[in-house]
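Next up: some structures, all given as structure tokens.
There are two complexes below, and they share chain A, which is joined by chain B in the first and by chain C in the second.
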Partner chain A sequence: MIAAVQRQAFWIWSAALYVFIMMPLACVILASFNYESIQSVPPAQWSLRWYGEALRNPNFTRGALTSLLVATVATIIATPIGVLGAFGLWKSKSRYKAALDAFFALPIIVPGLVTGISLLIVLTAADQATGNIKLICGHVLIVLPYVIRTTLASLTQFNPSHWEAAETLGATPPQILWKIVLPIIRPGIVAGMIFGFILSFDDVNISLFLVDSRTVTLPISIMSYLQFSFDPSVAAISTILIGITFVSTLLLERLFGLKRIFAGG
Partner chain B sequence: MYPLQAISSEHRRRTSRVSNAFGASAVLTMPACIVIAAGVVLPLAYMLILSVQAPDPGEVELTANFTAANYLKFFTSPFYWSVLLKTIWVASVTTALCAFLGLTLAVSIWLTSSRWRGLCIIAVISPLLVSIVTRAFGWMVVLGDNGLINSLLIHLGIFAAPRHMMFTNFAIIVGLVHVFLPLMTLPILTSLDRVDRNIPEAASSLGAGALTIGVKILLPLVIPGLVSGITMVFSLTMSSYILPALMGGADSGMITTLIYQQFVVTFNWQFGATLVAILLATSLGIVSLLIFETSRRTRKWMVRR
Partner chain C sequence: MAEVVLRNVVARYEQFLAVDNVSLTIGSGQFVTLLGPSGCGKSSTLRIIAGLMKPASGSVLFAGRDVTAANAADRNIGMVFQSLALFPHMTVAENVAFGLRMRRASAATIEKQVKKMLGMVRLDQLADRYPSQMSGGQQQRVALARAIAVEPSILILDEPFGALDRKLREAMQVELHQLTREMKITALFVTHDQEEALMLSDSIAVMNKGRIEQYGTPQEIYSAPSTRFVADFMGMTNFLQGRVSNRDASGLDISIGEAIVRTPDLASVSDGSDVTFAVRPEKVLLAASDASTKAAIEGVIRQVTYHGDASRFVLSLKNGETMVALEKNDRRSGDRAVGSKVWAHWEPEDIRVFAQ
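Here is the complex of A and B:
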């Protein structure tokens, strides 16, 4: 009897936690369909007008273009570097392998605020002032560790007898890497790229210190819009972002498994 | 029996392959090492050196004159002390709440059947991929004066007028717990997945209740995951800027708000660098103390008798 009550209480409590996790996002989506210009949940009158307002807002469209550009270039730069790094770490027999692994996780461990500030200081000292270049420098550091992580996770599941078989048949190590290992681990690389791209697109912590008045990313333009206005166009643009994120989340789960990216297990 | 020659040639081939692989792996990891050294390590070092330079608004060049003036300014002022203590307080409360909620959430995922498990994990992780600005905005909609909670409670007749919830410590902590809960839940879940499911069953058949199993059997087994979750959440909360700034207002009283002002408003980058150094040292100190204490307390469990 007591056990049954305990079990019921536990499941109700867990359900409440899921409500807590989902509530803010659900409220953003609800608020975006409001007709009036003040936030109220649930809306008294439904409409899609704020989607039009959001897509006509030049701050948002310009921000979205900057974010797309920066995230794309950062992913293109970081992916080959990360894949090579993961290959090297995988083949390494050095006793510093564990240290190197930890070194590669450094951009995740050092808080974004600290990375952003120290990059700002160094880039200012080096007179490197162009907004896009500064942002790309920071965002390569966002994407790189995740590409390394997912590629390495795929490599550790690679069956070494494939390697030996190819070697017996006369393939050289570069040939084996290019023709056999790479196709097998491609899902891991793509998962790291998608994941890094999303984190780069969404980033505020590092970007906050690297933007200037002409180059502003989408999350930062949303943030500054929020500071002087509170109409549902923010809800509309956020809902579009949530939708894109949700689709990519499902894609990542199918491709690689979300838990492996974060917990590595 | 192998002919001697074959063994020696096999041996030679193997050693040459090992040394090749070692050389090749060093070359392969080189670009990533350079990027991380140039993007994280050197800038961090430069910033630490900047923190022992005399304050000079707008100037970032290093000089040969080192001074502890910035650190003295921080440690002799009760204002800066109070900001640091408030940051530690907020981070501790957030971490404690995350630990409690994360433990129950991880156990609930662990207990669900495999059909629902994937969905639960997506529900826990997907908010991590949504921008922190969107999530802060979501909480503004929930906690605002015309927000969900206020209109619900007024509708039910519990409140007569909207209760002010935004721009308070409560709002900051709610937002931070929401942001960092997944980062606490996942490592605990990874530890739980390593637990043999026969163990709680054995305890149950010996008469232990659900609560006893949770506290006396599962909790000690998930300590490694819990500690890594606490480490991550505490240090990330200490250095979070966006959420306190959006949900706590301009003077949230967190050290990160102060840091942002030094770099973007007053341009005293030397003192800003000092604040970052103190923030890093504090969270590193508290986290290593925690890791040291847990490993000291759990060491006796590792010894087989």
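Here is the complex of A and C:
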């Protein structure tokens, strides 16, 4: 009897939690199909009008291009650094290994606000950087911890017999890393890249301090648009972002299994 | 193929002495097995020969050349791992070619050798498959082909059949036996399965607590175990206490209670000393209780279990000890019910005597 009540309470609690999490997303998606220029859920009249508006808005399209460029370049820069860092941690027998592991996770732990302000101070002092360069510097920090994390998780799953087998067949350590280890852990690296890419593309906290009038990322341009108008074009662009994120997450799950990333190694 | 020699090899993990002064010679073209329970040091010995582990002291020689300091990559060995360790991102052909590519063999040589190896393990049709697309037995043969493809000085196999089911295991054993003899491969095999060791090997080294207890042919190890541990490990599971009552040139008389058993085994024991002797369950003969002789020990059947071709009897002997007998079901005579009295005896040459 008590067990049954407990089970039901748990079920209701979980359902409420899911509704709480999913509700805003559902509202945004519904609102994006409104014909009227006010936000209403559910829409009185359905239309794709605001998708057209959103895609015609040069602030959004330029923002999207900037975000795409910054996220791509940041991921390309952060990946080799992150993979090498993970190799180092994996092979390390240092007693500071755990501390180093935590150190590389710092950009996730330190509030984005703090990272943003610090970068602003440093990069302003250097005084040479244009908007894009500043953004890329910041976003490398966003991507890096995820690449290290997922690569290290893959490496800890790596069967040491594969290393030894290659060794007995005459391969040198660099050959083993390049021809055996790297191909086997590739899904982990790719997962980290996709993950970092999404978070870079989405980022507001750090970017807020690094954009200038000519280079604005998509999330920032959405924010500034909201200051003056509150029409469903914002909902439309958000829905597009939700779609892209959803697809990449599915891809991530396929390649690697999200569980493994978060369980870590 | 080369002769491989271990000289006074010692290895430690922290405080634990894994290999305790092991010396061993594996003749060129010989198939030698390290046999023992887990933790006996057989895997460490194997890793030392492979170069995957460095001994604390002692030396390893390949064809007279000291390779103690050489890495695995420089020893020209072929190894089959317990987990097989096939490279999952490479096809069967690429797996087999890997060692040759690392040796910078020409493309033509590699192609020819891979073809030959895959033909040898009958996988020519599956060269372009990935390991995950193959059965356990096929993967096993790929691992074997990959190890032999480099024409190694020694082929090292670390419990390679442990994960296979019984039937496949037996098929692979037959195949490995045939292959290594045909190609005259020097091989070192590690297992804890004594039947496997007996069947495959030219010589067996039985290991216990980091030492080699006995090194000999399968026949020697099986029929003339030199220590109590080897006797036990090779299935001589009945151990009885007795006292040497007479010793002459042709053997010993051992008295055990009222019974006196005769053996031609001239173990290094003196007249009047206490000894332990061992006899296999399948060598124990049971006679009906009225067939009393001096050379038989009286007992009562405590348990009977049926095993198809044979039945297994647990006896309580008159002196309080327990004995197990395995009797073919087709040569049974007399009463074998629980509680009935029988006389256990055996042929004199079927027991081994050990000093206490």
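In this text, the second predicted complex is superposed on the first by the 254 of 265 C-alpha atoms of A that agree within 3 Å, B and C clash if a C-alpha of one lies under 4 Å from a C-alpha of the other, contacts with A are read in each partner's own complex, and residues count from 1 in each chain.
Going forward, a residue touches a chain if its C-beta (ideal position, glycine included) is under 8 Å from a C-beta of that chain, and two chains touch if they have at least 3 such contacts.
What you are looking at is a predicted structure, and each value in this text was computed from that prediction instead of being measured.
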- Query: Given the touch rule stated above, what does A:Ala191 touch, chain B (first), chain C (second), both, or neither?
  - Reply: neither
- Note on the structure: Chosen between chain B and chain C, the partner touching more chain A residues is B
- Touched partner set for A:Pro111, first chain B, second chain C, both or neither: first
- Message: Output check: A:Ala153 vs chain B and chain C. Expected answer is one of first, second, both, neither. What do you get?
- Response: neither
- Who does A:Phe103 touch here: chain B (first), chain C (second), both, or neither? first
- Message: So in the superposed three-chain picture, is A:Glu164 touching just chain B, just chain C, both, or none of them (first/second/both/neither)?
- Response: second
- Task: Mind working out whether A:Phe20 is in touch with chain B, chain C, both or neither, as first, second, both or neither?
- Result: first
- First (chain B), second (chain C), both or neither touched by A:Ala54: neither
- Message: Which stretch or stretches of chain A touch chain B in the complex?
- Response: 2-3, 6-7, 10-11, 13-14, 17-18, 20-25, 27-28, 31, 38-41, 78, 81-82, 84-85, 87-94, 100, 103-104, 106-107, 110-115, 117-122, 124-125, 137-138, 140-141, 144, 148, 173, 195, 198-199, 201-205, 208-209, 219-220, 222-223, 226, 230, 234-235, 238, 241-242, 245-246, 248-250, 253, 258-259, 262-265
- Per the touch rule above, chain B residues touching chain A in the complex are 18, 20-22, 24-33, 35-36, 39-44, 46-47, 50, 60-62, 101, 104-105, 108, 118, 120-135, 137-142, 144, 146-148, 151, 178, 181-183, 186-187, 189-190, 193, 209-211, 235-236, 238-242, 246, 256, 259-260, 263-264, 269, 272-273, 276, 279-280
- Note on the structure: Seen from chain A, its contact residues with chain C in the complex are 159, 161-162, 164-172, 175, 180, 183-184
- Task: Quick one: which bits of chain C touch chain A in the complex? Just the residue numbers, please.
- Result: 50-52, 71-79, 81-85, 87-89, 98-99, 102-103, 146-147, 150, 156
